[in-house]
Amino acid sequence: MTIDQNINVVRQEFESFPDWEDRYMHIIALGKGLAPYNEVHLTDEFKVKGCQSQVWLHAAIVGGRVRFEAESDALIVKGLITILLRLFNDRTPKEILEAPSDLVARLGFEQHLSQSRANGVASVLKQVKLYALAYSMVRA
Amino acid sequence: MTIDQNINVVRQEFESFPDWEDRYMHIIALGKGLAPYNEVHLTDEFKVKGCQSQVWLHAAIVGGRVRFEAESDALIVKGLITILLRLFNDRTPKEILEAPSDLVARLGFEQHLSQSRANGVASVLKQVKLYALAYSMVRA
Amino acid sequence: MSDVGAIVKPTFDAMKLKAEFPILARTVHGNVPLVYLDNAATSQKPRAVIDAITKYYECSNANVHRGGHALGAEATALYEDARSIVASFIGAQPNEIIFTRGTTESINLVAASWSSMMGETLKGCTIVVTEMEHHANIVPWQMACEKTGAVLKVIRVHDDGTLDMEHARELINDTTAFVSVVHVSNTLGVENDVRTICALARSVGALSLVDGAQSIVHHAINVTSLGCDFFVFSGHKLYAPTGIGVLFGRANVLESLPPYQGGGSMILDVTFERTTYNDVPVRFEAGTPNMEGAVGLAAAIRWFTALDLEALRVHEAELSERLLRDLNTIDGMRVFGPQTLHAGIASFVIDGMHAHDLGTLLDEQGVAIRTGHHCTMPLMKRFGVTSTARASIAAYTTHDDLDVLSAALLRSVRLLR
Amino acid sequence: MSDVGAIVKPTFDAMKLKAEFPILARTVHGNVPLVYLDNAATSQKPRAVIDAITKYYECSNANVHRGGHALGAEATALYEDARSIVASFIGAQPNEIIFTRGTTESINLVAASWSSMMGETLKGCTIVVTEMEHHANIVPWQMACEKTGAVLKVIRVHDDGTLDMEHARELINDTTAFVSVVHVSNTLGVENDVRTICALARSVGALSLVDGAQSIVHHAINVTSLGCDFFVFSGHKLYAPTGIGVLFGRANVLESLPPYQGGGSMILDVTFERTTYNDVPVRFEAGTPNMEGAVGLAAAIRWFTALDLEALRVHEAELSERLLRDLNTIDGMRVFGPQTLHAGIASFVIDGMHAHDLGTLLDEQGVAIRTGHHCTMPLMKRFGVTSTARASIAAYTTHDDLDVLSAALLRSVRLLR
């Protein structure tokens, strides 16, 4: 699946919960399932700026594809990050950089999440793209 | 006539001009007739603070009574000062200090003059009283 | 009141009061009714204040202090009346009241003007604040220290959120030049004994400032009995418009201070060789002031003081107590600050849950609380947290609001567990 | 527009526009209709702006930038939208816009922050202003000079009120560190060639600030084509509320400047040991900002830019010309500044009459003009007067207004002669 196709899947998943409670139950469940983060990377260097809660994001390049690892102290944030990483994990830098810039809106986050949550996701997304940019230059 | 009686006279005079134009014509005529001011006293020392136009006020004590002398570069202000001096010239410091504190209002100035004019008159009045206070202490 | 002879506790009709605040009737997230419990951040505005703003622009707007015409005189009178109303509200004289943008600017003005006057003489002197200060009462003093070589000293906070008065007595000593303390903590709701602290400051010849941003709404303030040299607050937390605040300074202290900003009104005479400054308070009000803000603040104080304040205090105390009680029924709840009266502010965390997660879920249910560090990062550090959830009440808060909060909290906790 | 093929001059219906300003329908001194010609001091507010304020408080008021709930997000979005609207109004980027109280605070912020950064390195350097500056663009620089040892240099004004550009070229040289000039003089109405002056500044490596307090209303502004590093103006002269103003600073220049006031929002991290500051622009917006003011300013700009600005410029030029013509018919009239276009501002004195006397008598006839030094004392001295009378127009000024002014002036002159 392309990132674009994936976006639609996520959006539909989101919209299958018309009730805020179910929606958040889903996000929280995802958050609880976020893959463990390597404690070595719990440093300021990997902290994402612009989030209300603490978020760490680490990336490595494996076989030409970017492998992300993330952590947060807030469960809902972890859930949202899980969704983001589902979109971006194991993609090439090029694919990531070409992802639509209005992604947060297209995911339905702006509509279905509180503003500060949507802003937090946007900050993580920015960092995701910065990693991709860095790796694309390393390889160029 | 006491100052109090004089106030009523001034007020009645004022109120005999229901038209603003006649009232100001009267004030301007008074201003033109203000006694000449001794140029020697045209200094910062005798300048009254808090007036929009420049006002100088000088006082001397003659036979236990305060003799005022005033100047301004604005004609309407000169007219208003003429009225004030009519009330206070050649009074004893005690009489001046006992003049009612709401004098500007009782003269009808607040009602019949623009606010900034009334404020200017209040500033001159304050200075008049400061002179009286000074002379009352010298004599005490 | 109907039963002659019955003991009547003052009652306060918060429901009725609420109807005076148009915004409180709105909904969020579609059609969820709003329950606004973020009053320590900013208060909502009653119809009376909104109308006063409209009236100002519809009837009396003109530049002040520049005289000349009828409209200007009217605007000036309104502006100066506002100063008098503020003065009598806190037991001061009109010439002791300076209009600023808010608490933050008031403190910056004092810190900058006073430290520039003192200059190098402050080297080695101390400026004393507390561990529970808002950033607005920390950063300006750090800047002053950097400029002058003064040293910042910090009064410790006990585990229960009260101030360590022993430590205060120790820190406020002969080396102390200034003491600046918060009256009611915006994070803990705890009220400090600022009267004692100001007396300590005075006894060692130091100046004192009380940050009244929170206390102005919940306590009757008299600056003379507090014994402070400066008292500061923001209009927007007192049902008044944004962009207006107050700096009270004792007349003779203000007179000794050099100006802060330069411009129109604050001068007597300007030449390129030498400029002389005007008297207090206009010396500290350079440029066109926020006339509308001052008029709106006056309207807010008029509206507020017309309430049955005695009944209001009882109502607020009742709600505060109830709020704490409700919170404490929740498993894993940790409320910061003393368990007694909280001036309508309760900060808390729940075991294993992030405050932001709670805030997000409450928001979905229409309940607006604040989550974060509340601009008191050092206090967060003191208690070993990065953020708390904070609910804070106002005169228009009802028991129904707290019912909604309780139910919404339980629901959120259930989701997060 | 009805005659096909006819040459159509844009027409502007000032009468209709006037109806949008409630205050302009009022009377003074009993029942004398108000003719407001003190627009250079402050402008009146259209219904659209008053309504935007009401709507803000009725619907969206909350503290900004502290996130958490729906209302806060809404208020933050409105506040940041306002920043974008201001930015595009003057051809800047949103992160180059700082909200202040007004022109005066904007200049003070720049002068204080920049001079504290430069410190002793400014000793012997020059700061260049002009003889026609408003006190707001003099006193802050005098303060900066006093702190740093820099020297203030003053570009002369010709007898006709235009700037001596030869002198400008002479003064702006290798020793120059900053050039701060007014775009349109509030006393003379003359427009300075700030583009050339900013280019001169840049050519010697000096920073430049343009005081746009008056030009923002009468000229289209593009900060990039002006070539300035800073551009400042007040909302209240642009049909917006009081208490809000703008500081534009070029992004990389702003980024180099240390903060001005300390407090909430402007920090990243606060500890008692070390505080780190946030990015531009919030680094310069400590504390709760004037949210209502920003929203009101956005509404004013939206309202203003929806006017037929081309037609408005023609209308204003016509009125300006007519105003000068009318004044010049009066015996003993002396109008200051060039006899060409005056950006709607005319300053004058009449032989043997004090400006205040004229002002008083005009006021009795409902005509509000300004009399005094207009916060430009050095310019008054330059022209050998202590005060002038100043009439200034706005978009809502009509030919009828000028008819009333003319008649009232003649009547006043008759009384005073």
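First chain written, first letter: the chains are A, B, C and D, and each begins at residue 1.
We take it that a residue touches a chain if its C-beta (ideal position, glycine included) is under 8 Å from a C-beta of that chain, and two chains touch if they have at least 3 such contacts.
These numbers come from a predicted model, not from an experiment.
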*Is the number of contacting C-beta pairs greater for A-C or for B-C?*
A-C
*If you average the CA atoms of chain B and of chain D, how far apart do the two points sit, in angstrom?*
39
*If you average the CA atoms of chain A and of chain B, how many Å lie between those two points?*
79
*So what's the Cα centroid distance for chain B and chain C, whole Å?*
46
*Going through chain C residue by residue, note those that touch at least 2 other chains and give them in order.*
29, 67-70, 72, 356, 363, 371-372
*What are the residues of chain A that contact at least two other chains?*
52, 114, 116
*What topology does the chain contact graph adopt: line, ring, star, complete, or other?*
other
_How do the chains pair up in terms of touching? List each pair._
A-C, A-D, B-C, B-D, C-D
*Contact set on chain A toward chain D in their complex*: 52, 114-116, 119
*Under the touch definition given earlier, write down the residues of chain D that touch chain C in their complex.*
22-23, 26, 28-29, 34, 36, 38, 41-42, 44-45, 49-50, 53-54, 57-63, 66-72, 101-105, 107-108, 134-136, 138-140, 142-143, 152, 154, 234, 236, 241-244, 259, 261-264, 266-267, 269-272, 275, 286-293, 356, 359, 362-363, 367-372, 375, 377-378, 381
*Complex contacts: residues of chain A adjacent to chain C*: 20-21, 24-25, 28, 52-54, 73-77, 113-114, 116-117
*Can you list the residues on chain C that touch chain A in the complex?*
29, 353-354, 356-357, 360-361, 363-364, 371-372, 386-387, 411, 415-416
*Which chain C residues qualify as touching chain B in the complex?*
67-70, 72-74, 76-77
